[in-house]
Every structure is written in C-alpha cells, then in structure tokens.
Amino acid sequence: MNTLLLPLVTGAEVTFWVVAPLTILGALGLVLSKRAVYAALSVAVTMVGLAALYASLDAPFLAMVQIIVYTGAVLMMFLFVLMMVGIITPDSTVESLKGQRVMAILGGIGILAFLFFAIGGSLYNEPATVTAANEQFGGNVEGLANLMFGRYVFVFELSAALLIVAAVGAMLLAHNERVRERKGQPELAADRMYAYKTKGEHPGSLPNSGVYAGSNAIGVGALLPDGTVSEKSISQTLALRGATIDPAPLTQVTGSTFAAIEAVRDEDED
Amino acid sequence: MMNPENYLILAAILFVIGALGVMLRRNALIAFLCVELMLNACNLAFVAGSHITGTLDGQTTAFFVMVVAAAEVVVGLAIIVSIYKTRRSTSVDDANLLKL
Amino acid sequence: MILLETIAEPVAATGMFTWAWTMIAVPAVVAGLLLVAGKLSDAWGHLLATAAVFWSFAIAVCLFAEQLLAPATERAVSANLYTWFTVGQWDFQVGLLVDQLSILFAMLITGVGGLIHVYSIGYMSHDPRRRRFFAYLNLFIAAMLLLVLADNYLVLFVGWEGVGLASYLLISFWQHRPAAAAAGTKAFVMNRVGDLGMLMAISTMLAMFGSSKFTEVNAGAAGTEPMWATLIGLFLLLGACGKSAQVPLQAWLLDAMEGPTPVSALIHAATMVTAGVYLVVRSHALFEAAPIAQLAVVIVATVTLLAGAWIGTSQDDIKKVLAGSTMSQIGYMMLAAGIGPAGYAFAIFHLITHGFFKANMFLGAGSVMHGMNDDVNMRHYGGLSKAMKVTFLTFAMGYLAIIGFPFFSGYFSKDHIIEAAFADNTFIGICALIGAGITAFYMTRLMLMTFFGEERWLPGVHPHESPKVMTIPLIVLAVFSVGIGAVMNFWIQTWLEPALGIHAHELSLVPTPVGWMTMAVVALGVVAAWLVFGRSSIPVVAPATNNPVTLAGRNVLFGDQVNDFLFVTPAVALASAVDTTDAKGIDTAVDGLGRAFLGLSTQLRRLQTGYARSYALTMVVGVLLVGAVLILNLVG
Amino acid sequence: MTFPWLTFLGLLPLVGGLLLLLPMGKGAARTLGLVFSIATLAVAAGVTVLHVTGADLAVQVPWIRAFGAWWALDVDGMGLAMVLMTAILTPLVLLAEWEPPANRWGAQAFFALVLILEGLSLFVFMANDVLLFYLFFEATLIPTYFLIVGFGGARRGYAAVKFLLFSLAGGLIMLASVVGVYVVGASQGAPSYLLQDLASVRFDGDLGRWLMLGFLIAFIVKAPMVPLHTWLPDAAENSTPGTATLLVGVLDKIGTFGMIKFCLGLFPEASLWITPFMVWFAVVSIIWGALGAIGSRNLMRLVSYTSVSHFGFMVLGIYAFTTTSMTGSIFYMLNHGFSTAAMFLVVGYLAKRTGSYDIEAYGGVQKVAPVAAGVLLVSGLATLSLPGLAPFVSEFMVIAGTWSRYPIVTAVSLLGVVLAAVYILRMYQRTMTGPVTDHTAAHFTGRDLTGLEKAIMVPIIGVLLFLGFVPQPAVQLVEPTAQATLAYVGTTDPAPVVKGAK
Amino acid sequence: MSSILLPALEMAAPTLEWRALAPVLLVFAAACLGILLDAVLPRAYRFLAQMTLVFASVALSFGFLVMNWRAMRQGRLAMGSIMLDGPTYFMWASLLVFGTLAFMIFSERQLNGGASAFAASAASVPGSLEEADASAARREHTEVFPLGLFALGGMMVFLASADLIVMFVALEVFSLPLYLLSGMARRRRLLSQEAALKYFLLGAFSSGFFLFGVAMLYVFSGSFDLHAIHEAVAGNAFSSSNGLLYVGLGFLAIGLLFKVGVVPFHSWTPDVYMGAPTPVTAFMAICTKLAAVGALLRVFYVALDGERWNWQPLFAVLAVITMVVGIIGALTQTDVKRLLAYSSIAHAGFLMTAVVGATQVVPAGQGTSASAIMFYLAAYGFATIGAFGLVTLVRNAAGEDNTIASWAGLARKSPWVAGLMSLFMLSFAGIPLTAGFIGKWAVFTAAWRGGYGWLVVVAVLASLVAVYLYLRLIVVMFAGEPAKGTYVGNASGWTWIPVVIGAVATLWLGIIPDQVMQLATFAGGFLR
C-alpha cells in the first residue's frame, strides 16, 4: 500500500480475504470434481461468494441480482438439465486426447502469468469508489436505472432481442410438436395386439417384481417357471444402476422342489 | 484501503480456471458451466472496475452480461439437450464426426 | 609488295548496264515459275530454263563488250536497285557492281551454266522430276550471279546462302536415296558453319566501318588496327573454307557427289566452290591490312592442295577423284589469292581455266557413267577409248589441261601460281610443285583405268557413245579448256589491274626455270602412274592394303570421323541431356514442389481433430501467441 | 478523338466470341466466327492506315479513379505490329482448325474461345496503363487453358494445368510489382498507372530492382526462357496446331513486348543493371532451345523448342541496347509469329493425315506429297532464317546490333544459327526424304494438301517472302519504338570505330 | 399517500433518432413481428407470410438507408451507442444486400421436393418416428426467418456500435441465432447438431475472452466509449500503466478474430460450415465475416489506433499464418463446403493484410485501407453467395452431395452450373476480369501503402498456391469423367436469382468497379 494509513482493516478487506479463497475453491471444485452434480453445486458456492464481493464493492443491486437471478434461476436450470440428462455415470478422469491435459495446463499458466504481469502494479491512484455516483441519483439502484434507461437504453432494448431469440431457440430445439393425435386407450390396445400378432411381444402389462419372504423390493426380479429371472420384471434404470438383488439363493428353493418332483416322477415311470 | 488490483487478479484467476475447465472437462454441461464461470469472472472485473473508476457503467455492464448469460444458457442447454437426445451422451468428444 | 593506289570509283550505270539486274531476275523468276506451275510446265520447262540462262549469258557478254570499249577507269559500273532496309545508323542498299572481276565471273557462270543446262537436257531426259531439277539449276544460277554481282557484303551473303540452299536441293535431288538426303543436309550444315564466319565478318565490318559496301570497306581497311583487320580476315577465311571446301570444312565435297553429275560439274567444280576465292580476292584490301590473315589463307591453301591430291590418288569412284582434284585445284587458287597482290590475277586466271576443263571432265565422266548405266567405279571400266570416241577425246583435252601440258590452258595458269608461290616462299613453292606432280599422277591413273587397259566391264554392260545433245557441250568445253589459257595469259593482268589495284608484270612465253622444273615433275608423275597402272592388269575389286597412305586416302583422310568426334556426337549427347534435364530436372522439381504442398496439406488437415476441446486448446495457444507477439513487440 | 477505334478493335472479337456462346448450328457458328475475325482484320488495317497517317488514336478514360487506373489504349509501332500479326493469324487459325479433332469439344466452342483470346490479346498489346495491361495479361490465360483442355492431345489436362500454373506464378509475382509501382508512384506524387505519368517517377535503388525483377520474371515465364520454359513444349505437344500457333505466335510475344514496354519503359536504371545477366541468359536459351529441338521426337515439341531458341534471340536483341538490335528483336517478334504459324500449321496438316506427331511415323513423304514437303521446307527455311525470308533480316539485325556491343556473346549465340540448320534439316530428312515407308504410303497417297490448306499457307509464306525482300515498311514502323525506348533508357549506339570510313 | 410511493426518479428522457436508426429498428421490428406471425397464423400460410415480411422489411430498411445516405446524415445515434458514418452506411448496405440474397436461398423449397433446407422438426431425434412423421406432414420451421432477421439486425448494430457494451451485446444477439440455425439442417442432422454444439461452445468461449478484454479496457480507460478509449490511449488518462491496455487489446482482438476466422482461432470454421445447412453457411460466410471485420476496423482504427505500432506486427504475423494454413489446408479437401470454408479462412488472411496496412491518411479521392477492405468484402460476398447457391444444386438421391468426386464432369451435365462455378472460383483465386482480382489488388495496394510491402509479397505467393486450389475444382468439373448418380436439381428462382446476381456482380465489379469503389472511397474514414 503506498499511502501510510492506519492499518485500518475495513469491512471490504475482511470480506475479500474470506470470500476470495472460497470462490477459488468453488471454481476448482467445478473443474476437478468427478460427479457433475458436485461440480454444479461448487459453482453455486462461487457465485454466492461473488455476490458477497459485489456487496462489498458498493453494488448491492448486483449482489441481489446475482443471487436471485443468476444463482437462483440460471444455475438451477443447469441442475434440472443435469438431472434430466442423468448424473449416474461419473465422468472418467482419464484424458483421451493425447497431450491435451499438459498443454491445457501450460496454456492456463501462460495466460495467468500474462495477466499477472499486466494487472500487477498497473493502478497508481486510489479507487474513486462508487459512493459519490450512488448518491447522485439517490442510491445504487437509481444510479443504475439512470444509466440503463439513459445512456444504455439502446442496449436495454437490444437485450430484448436476445431474450426473444433464446426463448424461440429453446422452443425450436426442445419442443417436439406432436404430429399425430395423442394415442387414446383404444389405439394403445390395438397397437399392443398388433405388436403381439406381428412381433410376438407379450400383450399384457409387464410382470411385477418378485415378492419373496426375504424382500419385496422393486429391485428383486420375479422368477419364471423354469427358475430364471424374468428380465421384464426389473425396471431399466435400476438395472442400469445395478441396484438389483441377486435372486440366486431364492431360485434354489424352487430348484430343489422341482428336483424333488422330478425324482418322484422318474420313480413312477420306471 | 485494500489495493483494488486484488479483485482484478481474483477475476483473472477465475477466468483462467474457467478456460482450463472448458479445455479439460469432457462433459458438455460442465464445459458450459466453466464458460459461465468465465463470464462471472468478467462480471467481477466490471464491478471492480466500476469501483476503481468510480462510474456505474461497470455495474450496468455486469447486469447486461447477466442478461446475456441467461439467454446463452437457454440456447446452450437447448443445444446440449438436443445432442443428448440424439446420442444419449453429453460428452463433447463423441461429437467428432466433423474433422480433417 | 607494290603499294596499293586508290581503285577507280565505280561509275553510275547507264545504257546496257541498267539491264544488268535482269541477269539475276530472269533465272530467278523462271525457277519460281517452274516450281509453282507444277505438272503443266513439264513439257517445255527445261527449255525455258536453258533459254533463261542463255539470256543472262548474252547480257553478260554485252556488258563485257561495253566494258572492253570503255576506258580503263570507267569499267567498274555500280547500279543501285532499291533500299533493302535502313536501321539505326546503317543503311543497306541492294545494288549491283559490274566491274572487271565480276564480269569475268558472270560470263564463266552463265557460259558453263548454259552448256551444263544443254547437257542436262540429255542427261536428265528420263528423270520424272526434270522440271524441278531445271528450276533448282536456274535458282542456283540466279543466286551465284547475285553473289558475284553484289556491291556489298550483305547482299553477297544473301547470294552466298542462296547458293548453299540450291546446292542442298540439288545434292539431295534424288531424295528417295537416303545417302543423297544425308549428303545434302551435311553440305548445308557445313556451309552454314562457314556462313557463321561470314556473319561475324559482316557484323565486325559494320561495327568498324558503319557500312558493308565494298567501296567503303576497302577505303577504311587501311585505317583499322591490325587486331580487328586480322579478325575480319580470319572470319572471311572461315566463310571461304565453308563454301570452297577448304581443309577444316572440306568433308562435304566428296559426299556432294551423290547429286546428279551436271550438278557436280556446275556447282562442285566450276562455280560455287570458287566463291571462296572470289571473296578473298574481292576483300583484298582487308587481307593486305592483315598479313597474319594472309598467312592463314596460304597455310590452309597448301594443306588443302596436298590433301585433295592425296585423296585423288586412292579413290576408285571417278567422280570422287575429280572432286578431290577440284579441292586441290582450289587450294592452288586460294594459295595464289593468299600470296597477295602478285597472285590475285593468277588466282582468277586459274579459276576460269579450271572452270572450263574441270566442267569438261565432269561432264565426260557423266557421259561415261551414262554409257556404263550409272556405275561410277573405275575398276569396272577399262578400254573405253574405243567405245566412246568423242568422250575420250574431249576428256583427254581436259586431262592435258589439268596436268599442265605445255600450251594447254592449265599450263599457263598453274605455272604462274607456282612461280608466284616460289617468289613468295620457297617451302610453299615446293609444296605446290609436289601437288602438281601428284595431280599428274592421279589424273593419269584415272585416264589409264578408264580409257586404256583391258575391259573390266561387268556382265550385261555395253558402253555406247552419249547422244549428240551431251557431246556438243563436251566439245565446246574441250575447245575452251585448250584455248582459253593462251588467250587470256597476257590479257588477264592488265584487265584486272584497275579492279584489284595491282601492277601487271611482263610474262614471257618462254618457260622460266620454275616452269621447266614443273614440267619435269609433271612428266615424272605421268610416268610413275603409267608404271603402276599402265602395264599391269587392274584388279576388279580394290585390293585390301594396310598401307596407311592408301587407307587414309580411301576414307577421305578421316575427315568425317574427325567431325563426328568433335561436333556431331557431343551435339547429340547434349541434345539428349537437354531433353532429360527438362523432363527429369525442371519438371520433377516443379511436380515435387506440388507434391510437397499436398503432403504439407495432409499434415495440416490432421490439425483439425474434430474435438471441440482441442479447438479450445488451439485458441488458448493462439492467445499465448498474441501475448508473446505483443510482449516481443514491446521489448523489441 | 471522335470514334474510339482501339476500343472498338478490341471489343469486336470479344463480342463475336460471346455471341458464339449462344446455341446455334455448327455451320452458322463457324461462318460467324470467320466473319468476325476478318472484320477485326479489316479494322486493324484501318487502324494501321490511321496510325501511319499520323492520327492520334489514344483513348484515355478513367477506369478506377480511387486507385488511379485508366482505360488507356494507345498503339505505337511495336504495338501495331503485334496487333496486325494477331489480326492476320486468327482468321488463318480458324480456317486451319475448321474441323477440330474428334471426341473433343465442338467447333463452336473452339471458335468462341479463339475469338475471345484474340480480343484479349489485342487489348494487351494496346494497353497503355500498367494495371490494364496486367488485367488482360492474366485474362488471356483462361481461354488458352480451355483451348488446351478442350481440344488437346492425350495429356492435355496436365499440360493445361502446367501452363496455367507457370503463367500465373509469373503473373502473381508481377502483381506484387504492379502494386509496388503504384505505391512508389503515389509516394512521389503521381498516383496513377498511366505509362506517361509513371515515366516521370524514378524507380531506383534496391526497390526499383526488385520491382523490375517482378515484371521480368513474369515475362521470362511468358516468353519462355530456359529454366522456366518446360511448360511450352508440353503445352504445344498437347494442343491442336491452331491453338499452338496462337499460344506461341501471339501469346508468348507478350513476354518480349512486356520487357520492352514495361521493364525498359519503367525501370531504365534497373534494366541496365541486369543487362549482363540477361544477355548470357538469352544465349543459354538460344543454345538450350536448339539442342532441345534436336533431341525431341515429337514434331510439335520440336517446333516449340525452336521458338524457345528464337525468343532467346529476341531477348538478346532487347538487352543489347542498340537501335539495330532492338528494332531487330521487335521485327523478329513479328516474323517469328508467321514462321511459327507456318511450321505449326504444316505439321498440323501432316498429323491430320497420319494421326500422330511422332517423327518416326513419317518417311519419304516428299515422293508422295511433294506440295506438303515443299511447304514444310519453306517454313523450315524461314525458321532457320535463310536470307530472302523475313526472319533472316531480323536475326541479322539482332546479331549485327549485339555484335557492336557484346562480340563474344554474339559469337556464342551464333552457334544457335548453326544448330537451327541442324534441327530443321534433320527433321526434314527424317520425315520427308528416304524411301516411302508403307505407313506414309497408306496415309498420304493421293492426299496432298487440299485447296483450303494451300489457301491458308499462301498468305503466310507470302508475308514471309515479302518481309524478306522488302522489310523496309515494317522496319520503319517498329523503329521509332526502339529509338524512343533507348532514348528513355539513355543509351546511345556505339559509333563506327574507324572514323575516316564514312 | 404520496410518501408511500417511491420518489420518482428525475432523469432526462433518452432521445432516439428514429429516422437515422430506421434501418436497424425496421429489421428488429420485422423479426419480432415474424415471431408473432408464427404464433398466430395457421401453419399453411406461415412460410409465405414470413417470406413477404422478410423481403418487405429488408427492402424498406434499404430504402431508409439510401435516403439517409443521400442526406449524408452522420454522427452518433441512440445516446451515443451507434456511430453512423461512411463505412457504416456502406457496410449496412452490403449486409442488407447479402442478407436478402441469403434469405432468398433460405426460401428455396423446390430443390428438396417442396421442403426447405431446414429440418422438418429440429427437436425430433434424427432417424426417429417423430422426424419421419414431421417431414411426411411437410412441417416447416418458419422461425428460421425471424432468427435470420435477428442475426442480421445484430450484425448491423455490431459493426456500427461506438460502445464496447453495445458491441458485446450485439455480438451475442447475432451469434445466438446463428448457433440455432446451424443446428437445423434437414440432411445429415447429426453433423448439424454437432456443428451447432461446437459453434456454441467455442463462440461462448471466445465471447468470454472478448468480455475480459472489454473489462480490462474499462479499467484502463474508465469508459466503454471508443472515443474515450482513444483519448485514454493518447493521453493515458487514468494514469495506469499500459499493462491493462495490452491485455485488453489482446483479448479484444481474440474475440473479434474468432468471428473473422483468423488462424489460431479458425478451428470452428471448417466444421461449422460443413455441418450447418448450406443457406445458413452462405449467410454466415459473408455476413458474419463482414460484420466482424467492420467491428475489428472500428475498434482498431478508432479506439486503439494510437497503439498501431503494437497491433500491426501482431496482425501481420496472424495474416501470414492465416493465409498459409487457410490455403494449404484446402489443397487436399474432398468436400466442397469444407474447401469453401478453408478458402474463407484464406480470404480472412488477405483481408488482414489490408487491416495491417491501416493506411488512413491519404489525399482525397484515393483508396484507403477501409475502402479497399469494404470493396474486397463486397466482391468476396457476391462470389460466396453464388458459390453456395450452386453447392445446393448438385444433389444425389439422398439430397445435397458435396463431395468433390460427385462434382466430376459437371460440365458435361450442365455447362451453365459448371461455368458459373468456375467464374466464382476464378473470382476467389483473384484472376482478372473478376471482382476478386480488383478486390485483391486494392487490398494489396492498401497494405503496401501502409508500409507492409513484404506482407504483400507473401500474400502474392500464397495466392499463387491458392490458384491451384481453386483450379483443382475447375479441372475436376471440366476434365473429369461425369460422376454416376449425381444430378443437378432444378431449383426455383429463389436459388437462381442470387446465383445470377452474384455472377453479374462478380463480372460487373471485375470489369467496371469504379462506381462501387468510389462509393467505398468517399465513404471516408471512421468518425471518432
């Protein structure tokens, strides 16, 4: 610090040295964490940290907007999509592109060095702090309003175009207009019978999961007469997740009873 | 008073981490999140700039950047979802039919 | 050496001389007509051609007569026809100079030419392309007249190359025979080498004197520094050798015998080959200013003189013997021209006498071949004196003239040259003397093998006398080859004095001591030939000998082999080298460059991996590059 | 000037060519093409008369004002000679290629492309603005490319691409120089491409030399000189005789034409600096071209190599810097056009009969087709510049003019004269003389030159003979250009050494 | 009561110069109206309505533009965010012209047997039942036109913005629709979606860099206005060292160069051009490059011209690399669209040579860098619109076939298509009598006058190799054997009009370029 002031530790300084490491950790969490959800949550941490910094830099309006709009809405949308896309498979951390990791890190360090040399020591005089600007129109929000609806009114209007495009884009790529009418119950039934007739698919509903003494969990498959587990009785996601229970010991019982019946029958025949 | 350059340096660090994320992470969503992180870093720089220069322009810009980021997220997610529905995977590396 | 006083300035053309250009124009036009007219002029074509030549002969004689009447100073007449082209400071006019020297040549060309035309009517009577033959002959006459009548070196050069073209066309007249075509090409190329010298000479004259007219060149000749004068002299000598088949460029003369005999008679005996001598004599002022050049001429002359004689002794083909003898006789003329003012008159004198008796002998050989259904090998002749009376008699006249039998034309002209040679330098005199002896030897050999001894005729050959139309020119030529010597002996020097600026010194009829010596040597040559060929029977097939002299003679002193080794093989090798460098060298380089780019391109395309993340990486590397350049720029 | 004659002269064939693109019958297309080419010849004759009677034909209209480019056309002695040559050759080529080769593009396309090519080359010769010259210089490449690709021989694709790449390489290097010329001109206060304006601009020092080299390399590729010539034999070998005539007879002249008008015209000091190098470079071309001709087995390739040798003479004449040699080389450009046309067309007739250009395929043709052999001989003699035919006069001027300044160089170049005799007569001997081979008999008996073919050869040989015996009008036409160029370059002819001579 | 209400904010009402801004506002208004129409109109009328709306609005805006241009109305608009000066007029005019031509190709339906080049339903999974049903039911995504208009509007603002925030927002406004449009190809939708993803990710990544650059410059100069930055650079107003300036300059350059397609940041161009539907590729190839170069010029000639000694060598190095990679990369391409993509990178290189030249102070009436670049873009634009128009014509059973092998022997099948394509290729190669040549020559003159003679020589050598690149296609078309199975689709006027206009313009600007060159020259320099 070039001016000899009392080592007065202001509130801003405290918030900075507390929040800054947090935001950096959050950012690193985003990049390094294996599971997508953890990454998304660590970004939330960063964003909240930033909001705190905004507040300390006399930008209360921005801080609020950051939390409500950015973290609240935008980040949440991310999480919805994450959920939809399925967070089950953790991303493998093995790097497939040859030399990508090394080069990327070197590049990052290069840019960081470039920025440090540029930014470090570049400001000579005191920050002019926004307090005066805030008071001019009676508060931060009013000041921003004056700018937003004065000097930058055109940008404001322009951003309207942006939002329309975003909305239309979302509709375009996500909304699948239905060409045929929704299939009512009669059509569905007809389809099932047709499928049974042509491809021999089982027309009835899928078999329920197995109900055993030990467990009647959804993940337990029902047994077929010949003792094997019927595939259709286990839901796809669970199968994918491998959360099904092994029915082998259960089949033993039927197995032994069958064996017994067989034994008896053999005796009758010979 | 604390030297304002620290804010700029913090912004720079976040920016570079974001850039690294885009390069290293294979999941499209995470890469896109990193881009959002870069934009947030710029926002921080804007607010710090506004603090340094004493004009509110920086903060207005930050606000507009948020608007832009929001729109971008909508479009980005739409594209990523459409890719997901087609390929059942959001990995950026799977999308390499267009090459040479 | 008699100092040179100024030569009389040529007088403007008046009266008959305004017709001088028709001498050239008429044969040229007739030649063009015959070539273009094609079939319909077959019947009367040859007659028109002969008439055209006689027309030129008549004009030449009239001009000669007019000159005889005019006083000595006004004999040289120059007629300027039209401006050829003027460029920069140089102005080239097409003009004719009819002076004492050129009128003699004109008469020789048209006279002998006319007789040969008549002879050819008979000789070529059964050839389907006779019309084309006469057209080429007329073209030759026109070109030769242009050569001798030109008033500046450039127009002379046009005639020079025109004559080369005519000789090419006539040598390879019977094109279906590959040997003839090859001989024609060889002749033209070797002439072209000579023309190289001419071009260099003319260019130097233009650089030196700013014009190539004879008058200006001769006037300025004395003023040039010796180095340039010698250079011009040597270039002119190179040109002369090319045309007159002197030693370095003599290989084509013997091959030229492939052409029909009248061609050999006209071109390769009487006229074209003498062009070289005309050139040397015409540029006498230049040669006088360059003693070294004169020395070179003398050396070349003596070497050719002996070489020609040497070849003559060992050839079995009658035409090749005569060709060898022509080469050696021209050697004599060159020797005389090279000696300086003393020899000019005798060179021209011998040239004219040689023109008659050599033409006579060639035509005689032609009629012999005509009788022996075109067989040229003397070993299949023998005892023809009885079978072809007139040919034998006329040939004998020519024989006596060439060996220098006293009071025949050869005796006068050749002896003067030998005397002049002795006066100039004894060694050269001796060589000339030996040459005369060898000439006598091979001419006698020829006579004995052809006309005397037992008949060695091939079966089915019964020689008969040639028809009238061929024998008449023989007789006329025989008369000239006997009488011309005596007639011109005293008169030639005075006649040529004004043209060449020389002093005629008295000649006595009584032979000088050198004259006696030559007669003795000639007699010796005749007796030797008689001893070898007269008494014993001559084998029909040439006996194989390993005697180096006859072997060298038989393959023409290895002239061809030398030329091939020095020029032809390297040229062909270079040609194929050029072809390969073009195809292999430059093209592979260019295609190689192309392929290098394509290779680079395939590598570069691999940069586009298709992974979005690697694109992001290239962008970050780009950022680093931008940063680096900015920093470098700041620091630098 | 009231009526822009020169623009009309150039546009006429272009319009003709474009008209021929419209669909029409083959017969109608051919006659239309011929009519247009003859009309151009008439206009060219008219322009000559106007020029000779001293009328000022210069056209100067601003074309791109922002960058100082003008639609400037003017014709001096040299330009007019080239215009006349092009105007005379094109109808003859059209007549010669009345029936283009089978399974190639149609006659209409050929006529259209030839007319367009003629129009563009006329503009090249008349351009008086550096950029306009460059524009048409490059534009002529496109129709030529299509002429070769559309109608050529077996390897026409490769040959056409090679031709285009070589010429474009030179052209693009020249583009750098053209831009440089403008920038240097603008920096010296004359921001325009007009030759008159640029004449006052001084291009000296290293930049001037680099700019000159840019132009020179393009012209060396165009007038093929040795290292950059390999495209010509390939292009000639793989194109029809008519295309080859235009390619070698007209297009390659742009090289030497450009050297005089632009290399010497804009960069006198740099040209003097490069003279010794160019003189020896020319001699190498002469010898190399001659040897190449001796070594080649294909007739078209042989004729194209002869042109490489003749271009060597022209460049030698240009860089000898004497009025005689310069006039000689310009006159040579005119004569060479006709002598190459004669050779190519005769070779074309022979090939029409036997279907191949290989020398081995002939033998003894003289006996069976004497007229064809006679015409080939006359064209051959013109090529080896026999006195009495036009090329001799120009070659003599080049040799005599260069001798007075560089005797040794000329002596070496004279080798080319001898080699010329060798390759022509050797070719004549191997094809025309000797016994009649059965191949020749089969193809030639009773099929000597037709009336049309003779009619085409008569004017060419007529011009060669006329200019051989009466070259004065043509020499007077081209000499002022030579004198003007030399005056601009600032060299004077060496005076005759022996003062007392005159 | 009144105290409960918040105190009214006393601020001056913003003033917008409606007439001057008319061209831009009309485009945006039409876009919004288009969205409304889509919502309201029954499906059958939508396509026709959208087409009429698009062409009417563009024509009207062009009319206003010409009116303003003739009245020479100049200066800052919309509270200082838009700078209306000569180059803006010229570039707005070019954008509108090329936009119209591109939209014409958008509306071509006859080629696909009644269907447009865009997917029947972009949301459906490629190869799924819904997709088959949608295309069977002849569904059309008519939102394509409003998105196009938004992009066009964004580009117009982008190149005219006098303020870095406006520039950034405009950048996003025209990029987002392009990301969407490039994902909506009817054929090979997998590639199209991949192109959209890549373009989006890299686009966002580069706008991140752009934004960081803007931030740095803001901190350095204290304002976003280009003029203010110019003052700061000159007087070093906010007395902070140049470190921030260089970072700002560098990062800003990266953002802009990404859009122009200069080499280190070009990787997206080949993939996106190949993946996106051809009409969108055409629109992108011309208009994006034009807007990006316009903005680059405005930023570096107005705001940062003080720092010219730093960014000129930088752009020179980038120009050389771009030309080399662009041309050599294209040499061995097997796909026509990818070849045209690499060629557009090469042309970016040639444009950069003129940007490096930066000759601005020149006696009146003579060509400056800006006028040379504007002319080059016009010439390049006409040739590109024509070329891409023709690319849509060469088809096989499955639809558009872009492999060069399928173009073999095209001259035999349809000489007109082959002839016109050769004309455009020659214009790209810069062969005289085509606009490309005049453009290239003007650019080289501007570069050399700016003192970069060596760069011109490098550019000339590069364009020699480029000639071989374009020649290859011509050779394939004329000398190759006709490819089996490919035919030339009978397109309706909507494709033929732009192609013919492109061809006529290429010849017109090649032979008589004076009028347009004068327009560009008298447009003059960029106003502060």
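Quick notes on this one:
We call the chains A, B, C, D and E, going by the order they appear; numbering starts again at 1 in every chain.
As a working rule, a residue touches a chain if its C-beta (ideal position, glycine included) is under 8 Å from a C-beta of that chain, and two chains touch if they have at least 3 such contacts.
No experiment lies behind these values; they were computed from the predicted model shown.
Among the remaining chains, those touching chain B as well as chain E are A, C.
Counting contacting C-beta pairs between every two chains, the top pair is A-B.
When chain centres are set by their Cα atoms, the one at the greatest distance from chain E is C. The central chain of the assembly on a C-alpha centroid basis is D.
Farthest from chain D, judged by the mean position of CA atoms in each chain, is A.
Chain A and chain E have Cα centroids lying 35 Å from one another. Centroids built from CA atoms put chain B at 16 Å from chain A.
In this assembly, the C-alpha centroid of chain B lies 66 Å from the C-alpha centroid of chain D.
Residue positions 97, 100, 104, 107-108, 111, 114-115, 119-123, 151-152, 155, 159, 162, 165-166, 169, 172-174 of chain A are each in touch with at least two other chains. Residue positions of chain B touching 2 or more other chains, listed in rising order: 8, 15, 18-19, 22-24, 26, 31, 48, 52-53, 55, 57, 60, 64, 68, 71-72, 75, 78-80, 82, 92-93, 95-99. Shown for chain C are the residues in touch with two or more other chains, namely 605, 608-614, 616-617, 620-621, 623, 627. Contact between chains, per the stated criterion, is found for A-B, A-C, A-E, B-C, B-E, C-D, C-E, D-E.
For chain A in complex with chain C, the residues that touch the partner chain are 97, 100, 103-104, 107-108, 110-111, 114.
Contact residues on chain C toward chain E in their complex (touch as defined above): 594, 597-598, 600-602, 604-605, 607-608, 610, 612, 614-616, 618-619, 621-623, 625-627, 629-630, 633-634. By the touch criterion given at the top, residues 7, 9, 11-12, 14, 16, 28, 31-32, 35, 78-82, 121-124, 130, 133-134, 136-137, 139, 141, 143, 146-147, 150, 153-154, 157, 163, 165-166, 169-170, 172-173, 176-177, 179-180, 183-184, 216, 219-220, 239-241, 243-244, 246-247, 250 of chain E touch chain A in their complex. Listing the residues of chain D that touch chain C in their complex gives 162, 165, 227, 230, 233, 288, 291-292, 294-296, 322-324, 327-328, 364, 366-367, 374, 381, 386-388, 392-393, 396-397, 399-401, 403-404, 407, 410-411, 414, 417-419, 421-422, 425-426, 428-429, 432-436, 470-472, 475, 479, 493-502.
In the complex of the two chains, the chain C residues touching chain B come out as 605-606, 608-613, 616-617, 620.
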